[in-house]
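Right, one structure below, let's go through it.
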Amino acid sequence: MGEGFGIVAIIAGIVLLVLMIPAIYRIVVGPTAIDRIVAVNIIGTKTAVLLVVIGVAFERVGMFVDFALAYALLNFVGSLAAARYLHKTKAMAGSAQPADQPVSGSGDTDAASSSPSPPAP
Amino acid sequence: MSEQLPAIILLAPLFGALLTGLAGNRDHRRCFPILISALAVSFGCAIALLVQVSQSGPIDYFVGGWNTERVPLGVGIQLRIDALNALLLVVITTVALLTAVYSFRRAGEENTEKTPQFYMLFQMLCVGLLGITVTADAFNLFVLVEVSSLTSYALVAMGSKSRGTVAAFNYLIMGTVGASFYLLGVGYLYMQTGTLNMAAIHEILADPAFGKSSTVFVAFILILVGVWIKMAFFPLYGWLPNAYSYCPSTTSCLLAPLMTKVSVYVMIRVMLSIFGADWVFQSLGWSHTVVWLAVIAILAGSVLALAQVELKKMLCYLIVAEVGYMVGGAWLANHWGMVGAIYHILADAFMTLCLFIAANIFIKHCRADRIDQLEGLFKRMPLTSTGFVVGALAMIGVPPTAGFFSKWYLLRGGIESGQWGYVIALLVSSLVNAVLFFRIIEIAYFGKNPAESHDHAHDEDSHQGQAGEATLLGGEGRPATVIPLLITAAIVILLGVFNAPVVEIIQQALEGMPVVGAAAAAR
Amino acid sequence: MILDLVAILLIAAGLVFFLGAAVGLVRFPDFYTRMHAAGKGDTLSSLLVVLGFALHELRHFDGSADVVVFLKLLAICAFIMLTSPTSTHALMDAGYEDGIEPVLGEDGENALTETRNRRLKD
Amino acid sequence: MEFLNASVIPYFNYWIYVVLMMIGLHAMITKNNLIKKLIGMSIFQTAIILFYVSIGVKTGSTIPILEHHHDEGHAETAHAVAESGDHHAEETDHEKSDHGNNEHAIEADHGIDPDHFANPLPHVLMLTAIVVGVSTLGVALAISQSIYKDFGSLEENEILAKIKQGGPGVDV
Amino acid sequence: MDSVVHSSLPLWACLASLLAAPAIVLFRRELFLREATTFVAAFVKFGLVLAMLPIITSGKVIEFTLVEGFGGVVAPILFRVDGLGMLFALVASSLWIVTSLYAIGYMRGLHEHSQTRFFAFFAISLSATLGVAFAGNLLTLYLFYEMLSLATWPLVTHHQDKEARTGGRTYLTYLLGTSIGFALPALIFTWIKSGGDLSFAGDAILASADLGPAQGLILLLAFCFGFSKAGMMPFHSWLPGAMVAPTPVSALLHAVAVVKVGVFCVIRVFTAVFGVDLLAKLGVATVISWIAAFTVIVSSLIAMSQDNLKRRLAFSTIGQLSYIVLGVSLLSAHAVQGSMMHIAMHAFGKITLFFCAGAIFVATGKKYVSQLSGLGKTMPFTMGAFAIGAMSVTGVPPTGGLLSKFYLVWGAADAQQFALLAVYLVSSVLNGVYFFPVVYRAFFKPAPEGEAAVEGIREAPLACVLPLSITAVGSVLLFFFPGLLLELTKLMTGAQ
Amino acid sequence: MKWFGLIATVFTGILLLSAVPDFAAFGDPDSPANGGLGDHPSVSQYYITDTYTDTKVPNIVTAVLADYRGYDTMFETVVIFAAGIAIFAILRSFSGPVAPSHPTAIDTSVEGDHQRIIIGTTCRVIIPVIQLFALYVVAHGHHSPGGGFQGGVILGASFILVALAKDLSAALGRFSEKRYLALGSVGILIYAGFGLLCVALERNFLDYEILHRIMPATDPIMARSHSMLGVEVGVAFTVTAIMFAIYANLSSKGRLEQGF
Amino acid sequence: MIVPFDIIILIFLVITALISLRVRDLLGATMILGVYSFLICLLWAEMGAVDVAFTEAAVGAGVSTVFMIATIYHTRRHSSD
């Protein structure tokens, strides 16, 4: 951690961590789940950044960058799951709209395999 | 090939599980032969190892070839087989094999579409238990404990009874706490010694400087509490009765004899091989306290068993009491107490198996699990009843069954160390067992008009669509369930009658240990 | 040296944006506005900080390994840029579905409901 | 303050690990909701991992991956050892005895200072523990779903009450 | 013991009936074969025991190790036949033949259910009895002792009604409770004290152990109460309870096999575990003497008040058992000899009495003493035998009971225990007081109204009457030809 | 229960804290675990100094994980596999009418549609990258952090992402139940197979060194390195399969239909 | 090891752990557990345990939160404590 930039990294890291406090405040206070989720999302993104920061502080960024990358990719999954949860429970509670055809999201899709949705009452 | 046995004994069921997964899904009938052959290989290995060990002393096996000639001890993982765990290997493989035979078709009925998965879990459980037994690495033991626990949670939860699922959840929570405490204890030890190999830790801890180290002390407490949770020692027994009585019958036959016993083995292994008898019994000076805990466990287990109306639950509480026997025996801090405890591990495994198989057959045929609903059973199924009675007699401690001799050694240990409370608890519990079992035997022996229930049995059989099946006697269960029961009953008796060679092997295992060794016991 | 200076500047800028996001997260009155602050500020600040460190990695441009790290850092940027807005979007949507009422505008109209109505008409 | 300096600061990680462990354990025992229990379990397990990883920390050390510049100088040694084929075992033997006698000699031989790298062993162990943790979590979640299917609730007291009542779906 | 013969005869004698049990079950549909099996087994058993007799009388001992244990761990399962064991085995195996015959008559006469089970367990019980008789060490003794308790339980509860259930429960509670609670720890304590030796051969087990009087007393009490088949008060009440069993069971087991196993064990404890010398040194046997004396008197008094014939017999048995224990605890050679002889004498006398009670029940269905008036006329053989049995138990010539009582009294005199001598005499009088009214009532009181219509002899089936006649004759014969008994008992006491 | 829990917790806490002052200070390189005790050099020192000579793997953790303590790792994989099978055994239901407690319609509202386009597109871009990256992590475990387990989880997560972005049946279309169960078994088979191969060549279990006889152009040390890669691949297979299996079962209550 | 990071993260950890157990909305609790696991990951990373951190990243961010959400979806979101 000798070189000058290590210090920069550490300072940046500390600032990042301190600035996470508002996010944690939001987590504590709420008031709704989705507020918390937003804060979580922020912390997740910042974690990826912090990993890079730590890597720089260790002077071994090459070793840390891999899973910062993994984080950047996977961080998405948690938020997506939460969002989907809210969607689905909403769909359950509220009135369902007439069936649309399944969205072909990704390339090698399979409209056939996604089971046909039962018509809503 | 023979020097590879310590690895093969584990690999056989592991490959069995994988093969079941690959081949069994398509055709469920393939599962059973795979299971039997895998366990048979294991059983053969266990016997071979026992012979090898009793002839030429402990076997060291270094996984990955990291033997002590190349690298310091503890770099690789060591498997070590001495007389003690060789005996236990034989017990585990035998019980597993017998249960496997028992599970023939039964497992298929209980888990209709999940038979392959059931058998996979079954075999992985065996892998875990065998692995716990052979390993000489404190952390490796944790991993294998998790293998066995995880599979057993699933086996318990697989049943159709909803209470079984709740019990499985409790079991999981308690089991995780137990395993975590163990892991933490190992961490404390690692922190103080820098190694994970049991022998290496032992060597380092032999330094008197560690006699007063609070870290080692806390490590010991943590490991002990962890293992106690796993073995359902009295105040920590809460998970056991429900988990074992509401799970599918095959599962209960497999878990009840093995899980707690293997945990007791782990405790003894930790006491003797990691901390050393000297440290545990002399530096620590806790023997009296733990033996009194064991006394409470025995009495509480017996009393709780007395209060039960369900057959399997009663047996479960008896396991709690039996665990008290073993813990107390191991902590008597003398040769005979330790011999008794180890011998009781073996004896109790078979006794419990015997009782659980019999109870399961009873329950299946009566469609009821309360004790007072077993009326007139002896008339209907004389062979099953014989097995049950043998198990019951062993539990009471009637000669020449194995249960008598384990009690015999335990009592000797108790008297020699002057632990009168333990002696009295042992006797009281024997009496309570006598009351319990004769209550059942009485009900099953007297019962209502036997002829009527006989017809009824036929009805039931045909109702279940098994009328075409060959049965030994009129109301008897199918041979695949009765034969293992009778074999187990025979083992219970033979283990008692021929206890001398077994005890000799146990003494060989304890040889040279400071407090519990035979030399130390000789006056 | 100049590279380092630029890097530090970028990092500082990132931290400032993050400060903004953080303040917004605490101070804004309702979920949607907080989301607005968080989504934008957070993404941008992350990008800037990572970019800053990436530039730093180019300081001695001799071995190929360093370039790989630089590229990976750029990839992190790219993915943050891709995923963070998407998850913001998903959450926003979910929040709406969850029935969180935004603080209304001056005309008392819920902006989201309006869009929705319009789209239904199309 | 003295107490802080003597007992808290040098052991800060250990203190926090104990605190986390207590939080987790308390939740596992007293929480009524099964999912909450599992959250407690996660925290509990993480506390243990924290303990282990803390053991392996060395001040001023770096991550336990050998650095590039070691690579060059060292690869040759390795090759030489490899080429000697059967002598390999003897050579490591030799190294081992060196190791026992004089650590500095090793450093000179290999150019690897053990104090320069964090202790890898706890990391290895904790990889395993994390895996075990997530497996246990998975199984526990499956069991909770199964319980919910049977009892329609995940609150322990409600489940116990239903068992006691022996309502529909509860086989006694 | 100077010479030891190694032979598997004891094992086979023991197994003869055990192996018969599966055969009996196998032939459960063929009544004749089943009973023939019983008989064959009985004769084979008796033959095997007889075959050993010459060896024993020549002063040798037969030993056979079934399962080899090894030094110090636990004793092997060992058979060892000496004079006392031989005596007991002779009595038990000879009476089994008679009892089998009687049982067939009784069971058929009453059309009992589950006869197969009855005969099978009967056979197993006999095996256990012989096992106790031939046991070569304390462990083997305990093993067969427990086996006997368990094997007789289905016999006691044979009727499977509420009364049987209660009786069986009492039976097991007492027998198992005391054997686990007292005998087992005593055994293990002995094992520790003796340094791993439990064998009856050679000196007494504890002869060289350092044992304080208090320890000795506790151990002795634990043994005597632990082997509660000996019926010492306060652990006696299982015996009247067990009278719910069918009469053959009461006859053989609760007059001969089971209870005699109890006193046999107590004798073993006195002679082979402690040794007379040690007991004399410790001076603790007197306690047992007084407990036994108390039992003798009290049980006789209770017996007088019993109206149920079998219960009266049961209390009489309790008293007679304590005679034996009292004799042994006097520690004098003649008293011990008398005790051993009394095993045989009382066996013959009491089995006769039980047979008679059973025969009366089979023929008339009467159970109570008060119902027996005038029965001497209709059942002269039975009541005659009853009189002889009563004489033998009381000790009136010319019956065998006199001889053993004579030795006992002699021994009491030897031991200078005149109070205990008085106990013997008083209790003999009491025996007379509770038996002879029965005989008197049967022969000299007129039959009650309404039953008098039956004229002439109306005995029980021959299979019942024959055995009781045989045993009655045996009782008398033992008075005139006691040579064998004396010889066997001398073998045991001669060494002391 | 509350009081009992509190007491147990406090008791445990006090017990644990009581030992803390006895610990070697945090970060002390000479603590027993790090620096060894007197004449017992610590095992970890051996790992740091000798791993490269023994195995030629710069990532010490990977080397220890897959070689020195490979036995542990094998069972760790078995734990995962067991968890997968356990969840299958507990939850999977084959029969019964589809009577879900929630309507399982794919979200078909206009907003939903809209959302699916955005998320779907992002996922379409990102999933191949994740999968590629996962393979990189598995393969590069020798030189940087990563390895079979991490790679496997990421790969599994990519399938989970498919399920989240579209729905479960779409993911199952790519990675069916039969396939993932088989893949899970195969992963352990690979691992244990490497071990068994060593046994077949008359060395101890998992003694990879001997495999240079059958691996082309390797020496014993490189054989270790290569075999480690092999077992990591095995681990990755199992982990991928089981992580997805767990998700699939949990998210659809074991029905493997639409799911969550 | 980077001491300032260490201390800050540990304090955050305790806070998040407590909150995730306090919050009655299980979805929120789960997400907070996710934060907990992010922080744990950072902690491992700054203590030099990269492989552990990587695993925690993959598990915490990738799968364990999703597992829990899936379960909550099929059970009940609200907890009584």
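In order of appearance the chains are A, B, C, D, E, F and G, and numbering begins at 1 in each one.
Here is the rule we use: contacts are C-beta pairs under 8 Å (C-beta built on N, C-alpha and C of every residue); 3 or more make two chains touch, one makes a residue touch a chain.
None of the values given here were measured: they were computed from a predicted structure.
Looking at the partners of chain D and chain F together, the chains they share are A, B, G.
Here the chain-to-chain distance from chain B to chain C, counted in touching steps, is 2.
Between C-F and A-D, more C-beta contact pairs join the chains of C-F. Taking each chain's centre as the mean of its CA atoms, E is the chain most distant from chain D. Using mean Cα coordinates as chain centres, the one most removed from chain G is E. Chain centres here are Cα means. That of chain B falls 37 Å from that of chain G.
Centre-to-centre separation between chain B and chain D, using Cα means, comes to 29 Å.
Averaging Cα coordinates per chain places chain C and chain D 33 Å apart. Once the centre of each chain is set as its mean CA position, chain A and chain C turn out to be 12 Å apart.
Counting partner chains per residue, chain A has residues 20, 33, 37, 39, 58, 62-64, 66-67, 69-70, 73-77, 80-82, 84-89, 91 touching two or more of them. Counting partners per residue, chain B has 71-72, 139, 143, 146, 150, 153-154, 157, 165, 190-191, 196 as the residues that reach two or more other chains. For chain C, residues that reach two or more other chains under the stated contact definition are 65, 79, 83, 86, 90, 93, 97. Taken pair by pair, the chains that touch are A-C, A-D, A-F, A-G, B-D, B-E, B-F, C-F, D-F, D-G, F-G. In the complex of the two chains, the chain A residues touching chain F come out as 62-64, 66-67, 69-70, 73-74, 76-77, 80-81, 84-85, 87-89, 91-92, 96-100, 102-107, 109-110, 113-115, 117-118, 120. Within the complex formed with chain G, the residues of chain D that make contact are 12-13, 16, 19-20, 23-24, 27, 31-33, 35-36, 38-40, 42-43, 46, 49-50, 53-54, 56-59, 61-65, 118, 122-124, 126-127, 130-131, 134, 137-138, 141, 144-145, 148, 153-155. The part of chain F that touches chain D in the complex is made up of residues 1-2, 4-6, 8-10, 12-13, 16-17, 20-21, 23, 25-29, 31, 33-35, 39, 41-54, 56, 58-61, 64-65, 69, 72-73, 76, 79-80, 82-84, 86-87, 90-91, 143-145, 149, 219-222, 246, 249-250, 253-254.
Within the complex formed with chain A, the chain G residues making contact are 2, 4-5, 8-9, 12, 15-16, 19, 23, 25, 27-28, 31-32, 34-35, 38-39, 41-42, 45-46, 48, 50, 53-54, 57-58, 61-63, 65-66, 69-70, 72-73, 77. For chain A in complex with chain D, the touching residues are 58-60, 63.
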